[in-house]
Amino acid sequence: MATKTKSTERPSGLSAEDAATVIEILQERLNAYNDLHLTLKHVHWNVVGPSFIGVHEMIDPEVDRVRLSADAVAERIATLGGSPRGTVGAITKTRDWADYPLGRALVPDHLAAIDREYDRVIADNRAAMDALEDADLVTQDLLIGQTGALEKFQWFVRAHLETAAK
Amino acid sequence: MATKTKSTERPSGLSAEDAATVIEILQERLNAYNDLHLTLKHVHWNVVGPSFIGVHEMIDPEVDRVRLSADAVAERIATLGGSPRGTVGAITKTRDWADYPLGRALVPDHLAAIDREYDRVIADNRAAMDALEDADLVTQDLLIGQTGALEKFQWFVRAHLETAAK
Amino acid sequence: MATKTKSTERPSGLSAEDAATVIEILQERLNAYNDLHLTLKHVHWNVVGPSFIGVHEMIDPEVDRVRLSADAVAERIATLGGSPRGTVGAITKTRDWADYPLGRALVPDHLAAIDREYDRVIADNRAAMDALEDADLVTQDLLIGQTGALEKFQWFVRAHLETAAK
Amino acid sequence: MATKTKSTERPSGLSAEDAATVIEILQERLNAYNDLHLTLKHVHWNVVGPSFIGVHEMIDPEVDRVRLSADAVAERIATLGGSPRGTVGAITKTRDWADYPLGRALVPDHLAAIDREYDRVIADNRAAMDALEDADLVTQDLLIGQTGALEKFQWFVRAHLETAAK
Amino acid sequence: MATKTKSTERPSGLSAEDAATVIEILQERLNAYNDLHLTLKHVHWNVVGPSFIGVHEMIDPEVDRVRLSADAVAERIATLGGSPRGTVGAITKTRDWADYPLGRALVPDHLAAIDREYDRVIADNRAAMDALEDADLVTQDLLIGQTGALEKFQWFVRAHLETAAK
Amino acid sequence: MATKTKSTERPSGLSAEDAATVIEILQERLNAYNDLHLTLKHVHWNVVGPSFIGVHEMIDPEVDRVRLSADAVAERIATLGGSPRGTVGAITKTRDWADYPLGRALVPDHLAAIDREYDRVIADNRAAMDALEDADLVTQDLLIGQTGALEKFQWFVRAHLETAAK
Amino acid sequence: MATKTKSTERPSGLSAEDAATVIEILQERLNAYNDLHLTLKHVHWNVVGPSFIGVHEMIDPEVDRVRLSADAVAERIATLGGSPRGTVGAITKTRDWADYPLGRALVPDHLAAIDREYDRVIADNRAAMDALEDADLVTQDLLIGQTGALEKFQWFVRAHLETAAK
Amino acid sequence: MATKTKSTERPSGLSAEDAATVIEILQERLNAYNDLHLTLKHVHWNVVGPSFIGVHEMIDPEVDRVRLSADAVAERIATLGGSPRGTVGAITKTRDWADYPLGRALVPDHLAAIDREYDRVIADNRAAMDALEDADLVTQDLLIGQTGALEKFQWFVRAHLETAAK
Amino acid sequence: MATKTKSTERPSGLSAEDAATVIEILQERLNAYNDLHLTLKHVHWNVVGPSFIGVHEMIDPEVDRVRLSADAVAERIATLGGSPRGTVGAITKTRDWADYPLGRALVPDHLAAIDREYDRVIADNRAAMDALEDADLVTQDLLIGQTGALEKFQWFVRAHLETAAK
Amino acid sequence: MATKTKSTERPSGLSAEDAATVIEILQERLNAYNDLHLTLKHVHWNVVGPSFIGVHEMIDPEVDRVRLSADAVAERIATLGGSPRGTVGAITKTRDWADYPLGRALVPDHLAAIDREYDRVIADNRAAMDALEDADLVTQDLLIGQTGALEKFQWFVRAHLETAAK
Amino acid sequence: MATKTKSTERPSGLSAEDAATVIEILQERLNAYNDLHLTLKHVHWNVVGPSFIGVHEMIDPEVDRVRLSADAVAERIATLGGSPRGTVGAITKTRDWADYPLGRALVPDHLAAIDREYDRVIADNRAAMDALEDADLVTQDLLIGQTGALEKFQWFVRAHLETAAK
Amino acid sequence: MATKTKSTERPSGLSAEDAATVIEILQERLNAYNDLHLTLKHVHWNVVGPSFIGVHEMIDPEVDRVRLSADAVAERIATLGGSPRGTVGAITKTRDWADYPLGRALVPDHLAAIDREYDRVIADNRAAMDALEDADLVTQDLLIGQTGALEKFQWFVRAHLETAAK
């Protein structure tokens, strides 16, 4: 029976350098997603105002999607032979953006703040997609799908913010 | 609170030129899909002949798939900051192919006509896929999946048309 | 086995004149419904503003209902021995109303425009119901149910448009 | 955007007089249904005797059906431009029948009392059906279906009350 | 407690003459439906030929529909105070049409034979619908819906029988 | 391609004599089951009395089971190369028992009459099981399962008929 | 066999005085709940304004919850040996609050009025919870859960009413 | 790695004395529940008489509930560090009540006997609830819910036993 | 109506001697199954060790299967005219095997003990199967299916116990 | 704990000789089933012609059934203490029939070829059924059910091949 | 319409002091739960070793439960008029325990570490339960249920850690 | 009607050379997948040892996934105009790897052997992905998704094999 530890193994056909590159990129995405789903839940609880119920309910399926994205990214790290870090400490160690600024606040204020969070996360996702082109098509494909879903939710957010100049 | 109109915004990390290119490509696909699902329903209602029931029922799930593809494409346009056009007038304004030619007709005649519709739609989809390679991977990935599904249905159609060389 | 074409047959107990009358009426309803579900989807994609999500989601089940109504009406035409026309060309050939006027616009503008579309479709449905009284009770019953559902959705639309006289 | 109140609007193709007539008729049906589903629940809780469980369980789906009928009738009033009244005060203001007479009692006594409630409600429904023939076929069709369901439940009730003359 | 037999009671608001008329009409429909669902199952088991599977599977949901129609008609008889007769003997006592003529036979032969059965049943249904106009709208509405469903299935049957005039 | 008719073929490994024997036995079972499910529905509609609802509802799942048994038996006949006869005429041609005797009647009377029907059907099933021991184990196994289910339902029927000798 | 009436019996281990106290408290809760679910449905039908659909749909699951609470409270009364009163007359006999004041009105007006109804019902529920501490822990636990659910819905209502002091 | 056996551990914040007290109480409840669900199944199989089917079917969901209660109680014992005893021998070792007295018997006799079983079990449950007040609120809450469910089923049982003194 | 007690009746076509034999055999199987599902639950609660969760969860569906087998066997006894005994006392009266010996114990110890229980139950089932060959094929078929399921679970148990001789 | 390997153990009450016989028979059935479900999928992909869709879809549920049969047979081998061989090599080692002969071909050609495959598999199954009569009734019962299902599918296949002698 | 901000309102019948106390307690529980579900997912991704799959899958439903507990606690804070803090920053501001210590590690090491996390969370929950006794029974009841669920999961964890002293 | 055979047709916009290249690549993948799902089932049946149940159950969903991958690949071949070969003979004709080596064996031995199978299949999949970049993006996208899923399952397998270096 196998006696050596297998944690450094990676998929056959993928070089050690590529695997290390991908793992590093994905750990950043994992941090961003874990921070994001906590933030979205926080908004879910603190949003108020005349159109409360629609926005309150619109956020929950997005929380689920972001959590599934975090899960997929973390399990991809493990599949590549890495050790995904998912604790609070992992997030705070490298986070270079500020904690979400609002507490209890009205719908349009929260939506505008979420819009800014998504600008940051999506820009980083697109940079990661480019960086993965040569390293690993499987991981790139995973991020392409997740990015498309994030962008669609951002459309929902932005659609609320439009007020025509009539 | 935000006071300016947001309808020209696009995902962070995507240039204005790329966004405009993608929107133009997708509006053509939307027209093609809206025309196609109306046509498929039309066949669903007008096909007759000895193998009626199988073909009648085979078309309905494809109608649903094409409608979902139209929805995904139109929502992608909105996500990119564009305004998708989905009315009858939008289709007729740029349509450069003829209205579906058959009314009540036998199964093999309708299947041969559908086969020709799919030849046109798929060729245009593949050209769009190529054009999107540099503009937006998220949109390209969306069209790749839809094209594969259209091609599979075309196989179903063609499989009925084969008659051994006896 | 049977060698003659059966496409002109109708249900036993229904005269040829009545069948022809009903088919003509239903083809108009089919055109109206096909135009309407495309229009509703178009609004679904283009509506924006502070109460976006509720209205965006309210439209989708109505799209499904109108598509089911179109399907029922078209299959009734076929049942009566007619050939339902469901292509874009069929709609434009006899359409005597303008293409839906709005693109990307705020919620109340779209709702007011939908309200006008429903005024037209429902008035035509009620005229058709009356015309069918003597021709075919089965078809009349079909339209009665569809009209009731359209009117209920119009109530949803109108309820949004009320603003108290302050 | 629209500034006038829309609450007096009605479906296109329906006269103001007919709408007023239908609303008045439906408000009476709403009162009867709201009274009836409370009464049925009351019986559900107070019936006892050797065949308790079958009758206890038979009532619950009928409660649901009557509540759905009340909902459909009230929403039809709103669709016609009226304001349905659904509070306790609305019922007592015009009720011309006595409160349900029994408390805890045996199965056959409750069933006989329910039978009398249904005699009253059904007779009023049938009168309403006739009165709606010229005013609004959509509403009439709604009541026809509800009346058929009430009559079927009354058959269930009456079937228990038969005891052969041995 | 109630001591008299209740089996002759009818819905309040319906005359004894009308109830008797409706019951008589419905007993004929019950016989027709019971004969029909047995016949359809018989065909389900005996049909053979190159397009076997589609036709074999198309029949089963229609069997279920016809059985549900028989159930609804019979329970309506009981609701009106009558005693529905559902045995083999009830069918044979008044049946004025011949037993289904085919055993194991090819698809087009069975479909042509079913087409003739439906001609008879639908013509009788339409006559019953007319006769019920003045007697009982609830029962008429029941038959209208069932007739529409039967006519739709007949379209399915007839669609298989068309063969182009080549 | 195959040109000869295949309707006389049977499963490989089963002799022509055994197949003929089994088909004959199963046609008798099919007649009994078709008669029985019509009878059970007839009782479902005509039973009355203080414990109506429990018995009325107890019969419907048994109707479904008997119909499934008829279907399985008929499809087994076809599998063995025979042509199952499922029409009213097939039943009356060989039926050696009387039509079900009761119309509208009280629960215990109907249950006692059903009990007698089951005595007949089960005794014939058990005789058929014995006769199939040497002819075809597959068919025998089918009947064993159906017989066990019929006997269980008969226990339900009989359990209602017990009245302690106090 | 048991010959005496059992309606005054209560759970073993619960004194007659405690049972009487609990029944009295619960009858008041039943009246409040029955009044409340009628009122909520009334609002469901009469609310209008720009955020109609979200509030219209938010109320229906709360109606279901309140009806389930009424059912649980009434069945607890019966379990304790009492006779729950659920008719319109039962409500009006002891009701010390006014009928719901609004008819067709805008969203914020209805929400503010509902908020006041909940203030009353919740205050009474909390008083009942205290009173039940010594009498019956099972009933107290039932009310604790129901009170928590009512308070959560009131948060939904109140969240809509906040408008920042800008 | 942990090398010592952990079976004596308990939740943090709960004293060893309290844990021991709770475990002892729960083992008695487990014995009572295991005995009760066997008894209820026994009645399910042995009850006969005119209202057989309703009572036969009423018992099965209660069997499931009691089995779930037994499971919850036993797993709570394990959670507290104890070893739940669930065999036949565990029941007989401490059982101080007689085996259920009836075999095949009529409905009212079985219901009266079940009523007595529930009197015993519920009284013991209420005593246990009191004893747990100071020891462990989590366990007490578990028993409160189970006791309420048992009392509700006893109401079902008792409701059948009432026969008015008319 | 029927006045004699029916509890000694049996299926038509089965002799009194055979029925008595089968009932006696099945009562033993019922005792074994009731003992077994209590034992399996006991293990479910008391098993510990490194592979806890898999074994803990593997047992629950088997508990359900054994309970369903007990139910089927007991209802077969009733169907044959017997009175199944399902109480604790019924088990202990004839049980000739010891109570399950283990309390809290490690996975392999419990699995080895379960393996021995299954050896006993399966051997007795196979003896019963043989004894039923001539008495009642329906009952034999029931036991054959149950025995196969028990044997499959025993394979699951045994598969855990293998440790290769390396 | 147990240290010896258990792989040679068998169900109690089954002799070593019988177990060995059954295992050998089942390994042959496993090979036949694994070959058959691969073949059926192969046909599913390669069939073409005018009635393509019905036959294409008819095959998939049969693939599932054959795979479930393979699973049941293999797990029965393990239950009896044997080691089922399920690899490609296991099939080819003893296979005495030719690989399926057709590639892309028309419907009737594939159906005729499948018919021949089923003749072989069913004949072998029936021989196995006979051989198991004395060795193990549990295994025999398993094969009887699988054989009946295979024969029913063969009826579907053959029904397509019939062409009347015109 | 209401113009003042409502965020400081609380349920009627609850004092401002009690509300403030409860909110403070719940914010601590929210922090603990948010930290815990991140930690559990981290373990889900990093656990390895021979019993990997069981433990990997056992954690996911617990993650869902803890997330639902966090949601319930946060929504209770909002219901009481407070503003729940759910971001990473909220956790780190008051957290007085260390980040989870392990990365990729074997099953027993992770389980032992989780066991210690649960010891801390449960002890704090029990202290909160006591502190809520006088402040708010609704909130206390919420925590009682959550604590019981946490303790049950800890039993699962501990059960894996036992290794007999052989 | 079309008379020529269509089997050499391919999607519009794809060259004949590219189609031929893709078909060849996919036939190799089909062989690998068909071999793999047979092998995985073989392991499912033959794995034994202390952690049997978790691994036994972990394999079945992977079997389903691999079978779905085979189906998708084969149908893609047909869509491209090729004829997929799925028989045992197709696998053995080109297979250049040995049959799976183990029979009944312990969990870690089987997992290590599966790990080696996955190394081979994944390396070939990655080579195929590269080769498809220029030939057909639709097919490449299909393989990218399948490869990701295979790699994730391999992580599950490898996670079991780790044993810390203590």
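Think of it as A, B, C, D, E, F, G, H, I, J, K and L in the order they're written, each chain with its own count starting at 1.
We adopt the following convention: a residue touches a chain if its C-beta (ideal position, glycine included) is under 8 Å from a C-beta of that chain, and two chains touch if they have at least 3 such contacts.
By chain, with names taken from UniProt: A, B, C, D, E, F, G, H, I, J, K, L = Starvation-inducible DNA-binding protein.
Remember, predicted model here, so these are calculated numbers, not experimental data.
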Selected pair, out of G-H, B-L or H-I, that shares over half of its residue contact pairs with A-K: H-I
Pair of chains joined by more contacts [C-beta pairs], F-H or A-B: A-B
Whole-Å gap separating chain H and chain J, where each centre is the average of the chain's CA atoms: 49
Intercentroid distance (Cα basis), chain J paired with chain E, Å: 43
Distance from chain L to chain A - Cα centre to Cα centre, in angstrom: 31
Computed distance of Cα centres, chain G from chain D, in Å: 23
Two or more partner chains touched - positions in chain H: 7, 48, 51, 54, 75, 78, 106, 108-109, 141, 159, 162-164
Inter-chain touch pairs (all): A-B, A-C, A-G, A-K, A-L, B-C, B-E, B-J, B-L, C-D, C-E, C-G, D-E, D-F, D-G, D-H, E-F, E-J, F-H, F-I, F-J, G-H, G-K, H-I, H-K, I-J, I-K, I-L, J-L, K-L
Contact set on chain I toward chain F in their complex: 1-3, 5-7, 9, 11-14, 75-76, 78-79, 137-138, 141-142
Sites on chain H touched by chain F in the complex: 47-54, 56, 105-106, 109
Contact footprint of chain K on chain G as seen in their complex: 106, 108-109, 112, 118-120, 122-123, 125-127, 129, 140-141, 144-145, 147-148, 151-152, 154-155, 158-159, 161-165
Chain E-touching residues of chain J, taken from the complex the two chains share: 51, 54-55, 58, 107-108, 156, 159-160, 162-164
Complex interface listing, chain K residues touching chain A: 7, 34-35, 38-39, 41-42, 45-46, 48, 70-71, 74-75, 77-78, 83-92, 95, 99-100, 103-104
